[in-house]
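Each structure below appears as structure tokens.
Next come two complexes built around subunit A: one with subunit B, the other with subunit C.
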Partner chain A sequence: MLTLKSVSRHYGQASAIDGLDLVVPDDSYVSLLGASGSGKTTLLRIIAGFEEPDNGTISLRGARLDGVPPHKRGVGFVFQNFALFPHLSVEDNVAFGLRYREERPVRDKAEVRERVQTILGLVGLEGLGRRAVGAISGGQKQRVALARTLIAEPKIVLLDEPLGALDANLRERMCDELRAIRQRLGISFLHVTGSETEALLMGDQVAVLADGAIAQIAPPDDLFRSPASATVARHLNAFNIISGTVSDGRLRSPVGALALPTGTGARNGQPMSVALPYDGIAVKPRRDEASDGISARFVTAEFKGPSMLSFFRAADGSLIQSLVHLSEPRPPRYEPDQVYALDFDPELLIAFPERAY
Partner chain B sequence: MDLANQSNGAAIKREDALSPARKRARRDEIQALKLAAPGIVWMTLFMVLPMIMVVYVSFWTQTTFAIEPTLTVDSWVRFLTSPTYLDSIVTTLFIWIVVLAATLVIGYPVALLIGLMIRNVTLQTALLVVCIIPFWTSFLIRVIAWRPTLGTEGAINSILINLGLIETPFTSLLFSELAVIIGMAQIYCVFMVGPITFMLARIDHSIIEAARDLGAGFGKIFWRIILPLSLPGVVVGAVFVSVMVLGEFATAAALSGRKVNMLGNIIVSQVGSLKWAFASVAGVILTIIIAIVITTLLRIVNIRKEM
Partner chain C sequence: MESRLLKPALAVYLGLFLLFLYGPMIVMAILSFQGPTGGPQFPIVEWSTYWYQHLFGQISGSRVSQLPVGESLIRSLVLAVMTTIVSTVLGVMAAQAFRTRFAGSGPIFYLFVLGMIVPGVLVGLGMALLSNMLGIDRAWWSTSFVLHVVYTFPFAFLVMLAIFNRFDRSVEEASLSLGVSPAETFRRVTFPMIFPGVLSAMLFSFTLSYDEFSRTLFTSGPRLTLPLSIYGTFSVEIYPNVFAFGVLTTVFSFTLLAIYGLLMMRSVARNNQQYKGQET
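What follows is the complex of A and B.
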């Protein structure tokens, strides 16, 4: 179990990580979702020991990690750019840790060879051992990087956007394989990504990193069903976030007055944000201005194969997205600049009361 | 277009028969030739022809005051049977190998600091500039400055005596092989630092972090990652230093009190006494040595791969 307690890291005035707590259980896959610049790489580098935290403690199975040099931490790190040793063959890259680590290096050549072959088999690189690392494809490099880390049997493996450098097809295949490999080895993976689909797909648990701290950690479906805050919902890239104040049981917002789900129970003047799922919107022809709900001008639509994402601009200029799964009846073609009424079931809204400032 | 083709006859038709790819390739070839031409002319006039001439002159007949183009191997026999001249080959090789080792041992840590440890590009550049500041003074001044430094009553001896570390000054510091080696190591060290620094600066830091993450300590990382990746820089630096040291004469003349005779010194003194044939022999031998040294150095690493 990897435990981080109120870990902080500042660069000058700016803080990249600010009082972060996180627990990665043994034998689990945790994905860490964060926007670019949210400090997710910094966090991994602190766990691996390439940087030290300004405050807080890190421990792995009860032993303190902070202050220990990186080569003695027993933490595996898979780099975004793979960071393979360019002058060594695939085999020698993979064998590097076994041969040259300071603690318990494996001096028996036969054992090294055997373990290299085993791990190359595990990541699907049989027969490529003698290739130069410059002579293999991106996906293969990714596997070499993984094999090189896994062969040392680290207690936890940190993956820094491991699929970022791969093309979309390969990414999906590697996702499945990463999960399968982790399950076979029974160790923990902490997988950092900026892609919500990747995070939700990969993690037994998904942690959302925002403002230098973990905003929520939960299994993917829980996270999706009940995000803890508007920030978390925004990271999932599946909700329109609308902010306003409560008045007479309705939310007065710049895009219009919205009905709130039953049991929200907020007093008048309470600031509140609601998350409206992209796929919870029914687009209707324009109706009377005075009525409830959102009126918005159609901007453009993106055809995504199994679904269609439409963009509307509300009266205050904010963008509202509507997703229609094409297994449902195909929506009519919307006219650009035409104003439509965006209807939704208020019960679909997730309400986040905010502290009054 | 069609009209022009018909009227210009067969030549243009053949040209048209070439595929666009072939035409492009041919244009590129012509372009390359044009770019190479000045260099080829220059090298032919000022290197190839003179070298042929030097080899030729080394077989001319030398009398005390004159030289005539009657072919003979006299000069070669005299050079290769004289212990003095054979000694100068040994001296040249000895000084070369010691200076090369010294520049490497002193230069590599400097390059390691500038190229790898310092991550700020501005600071890197500033430190490289600092390395070449000594070159703002003339070569001669840099060499001569070692005399008041190394002399019997020079700076080093004065300091050591004033500190009470020694009572009688070292007399062998100046006008010795040591002085020549110290002088050359100082002058040529920067030519080692530069290429190694550039190679080291190209190493991706995440590679070194990856090696640490895999459990390797600094020693293993240096020998297994950093040194192999910087080897092309070491070889290029070694080529620079070798070429300059092997052909050196000024440092040896200024700091050895004529006790150390390198091949370069032989050439200078023979030319001075108008012994052109003999100077040519020494010149040819020096060229052969340099060629062998460079070929050997380039064997160590495949420079082509690094270009």
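What follows is the complex of A and C.
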């Protein structure tokens, strides 16, 4: 179990990580979702020991990690750019840790060879051992990087956007393989990514990193069903976030007055944000009377294969997205610059009361 | 239209430039095959390898004394090798230190680089005065050696700094995260990767030290290095044997360059194998 307690890291005035708590259980896959610049790479580098935190403690299975030099931590690291040793063959890259590590190096050549072959088989690289690392493809490089880390039997593996440098179709396949490999070995993976689909697909638990701390950690479906805050909902890239103030049980917002889900129970004047799922919107022709709900101008639509994402601009200029799964009846073609009424079931809204400042 | 004129013009210009670069060397090479009765100028009286034989002491009874370069050549080579080793080691270490910013790294950088900028004559003179003051005998292997290192170290340092600038630190971090100690990481990862740079630094140090003149002039004491003893022969009278010697040293330099090129190609090829094929 990896435990981080109120870890902080500052660069000059700016703080990249600010009082962060995180627990990565043994034998689990945790994905860490964060926007670019949210400090997610910094966090991994702190755990690996490439940087030290300004405050806070890190412990792995009860032993303190902070202050320990990186090569004595037993933490594996898979880099976004693979960081393979360019002067060594695939085999020698993979065998590197076994041969040259400070503790318990394996001197027996036959044993090294055998373990290298086993791990190459595990990541699906049989027969490529003698290749130079410059002579293999991106996906294969990522497998070599993974094999090289796994052979050292780390207590936990940190993956820094490991699929970022791969093609889209390859990325999906590597996702499945990563999960399978992890399950077979029973090591914990902490996988950092900026892609919500990747995070939701990979993690047994998904941690959302925002403002230098973990905003929420939960299994993917829980996270999706009940995000803890507007910030978390925004990271999931599946909700329109609308902010306003409560008045007579409704939310007065720049895009219009919205009915709130039953049982929200907020007093007048309470600032509040709501998350409206992309796929909870029904687009209707405009009603004339100024009523509840959102009126918005159609901007453009993106055809995404199994779904269609439409963009509308509300009166105050904010963008509202509507997703229609094409298994449902296909929506009519919307006219650009035409105003439509965006209807939704108020019970689909997730309300986040905010502190009044 | 423009490029049809421009390209041949540039080609001619380049040709002239190369001729300008190598002209003196070509003239020297031609004159080195002068006959026994000819002088160090055109015309060639007779083609022969007389002066090469003269150089190696195989001509007896010549009125021209043999070029006194044997020992000074050895001295220069030993000095250049010593300088190369020390400067390169220091250069690599210093550049490695400069990868992270430390207190005073700015001023220290300029102090390091100053060694290649200050006029050699002044440094040489200063060293001579200092060693007199301290009562140290001047010799090519002590006072000159120190100045050679002072002079060549900044070059090695700058070469290595440029190499480390492009160096991807994550490769070293990958090694550390595998449990490999920093020292072993340097040996197994960093050094093999910066090796082409180390070769360049060595080449710089060697050639700069090998024909260093002004700093050595004041500090070498009674035993001369090669550039000094060649200069010494000029003050008497010049015979084509100097040219023959020049050709031989040039050939030696080219051999050195060829070895450098080969090592470089091998090391670069190993680091740069490209993947060609379908992504699978």
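Criterion: the second predicted complex is superposed on the first by the 356 of 357 C-alpha atoms of A that agree within 3 Å, B and C clash if a C-alpha of one lies under 4 Å from a C-alpha of the other, contacts with A are read in each partner's own complex, and residues count from 1 in each chain.
We adopt the following convention: a residue touches a chain if its C-beta (ideal position, glycine included) is under 8 Å from a C-beta of that chain, and two chains touch if they have at least 3 such contacts.
What you are looking at is a predicted structure, and each value in this text was computed from that prediction instead of being measured.
Following the overlay on subunit A, a clash is recorded for the pair subunit B and subunit C.
When the two structures are aligned on the shared chain, A:H71 is found in touch with subunit B and with subunit C.
Once chain A of one complex is fitted onto chain A of the other, the partner contacts of A:N237 are absent, as it touches neither subunit B nor subunit C. Applying the stated contact rule after C-alpha superposition, one finds that A:P86 touches each of subunit B and subunit C. Within the superposed three-chain model, A:L170 lies in touch with subunit C and out of touch with subunit B [touch as defined at top]. Within the superposed three-chain model, A:T300 lies out of touch with both subunit B and subunit C [touch as defined at top].
The partner that reaches more residues of subunit A, of the two candidates subunit B and subunit C, is C.
Shared contact residues on subunit A (touching subunit B in one structure, subunit C in the other): 48-50, 69-72, 75-77, 79, 81, 83-87, 96-97, 100-103, 148-149, 152. Every residue of subunit A that touches subunit C in the complex is listed here, in rising order: 48-50, 69-77, 79, 81, 83-87, 96-97, 100-103, 132-140, 145, 148-149, 152, 154, 167, 170. Subunit B meets subunit A in the complex at residues 204, 206-207, 209-217, 220-221, 224-225, 228-229.
Here subunit A touches subunit B in the complex through residues 48-50, 69-72, 75-77, 79, 81, 83-87, 96-97, 100-103, 148-149, 152, going by the rule given at the top. Across the complex, subunit A is touched by residues 168, 170-171, 173-182, 184-185, 188-189, 192-193, 267, 270-275, 277-280 of subunit C.
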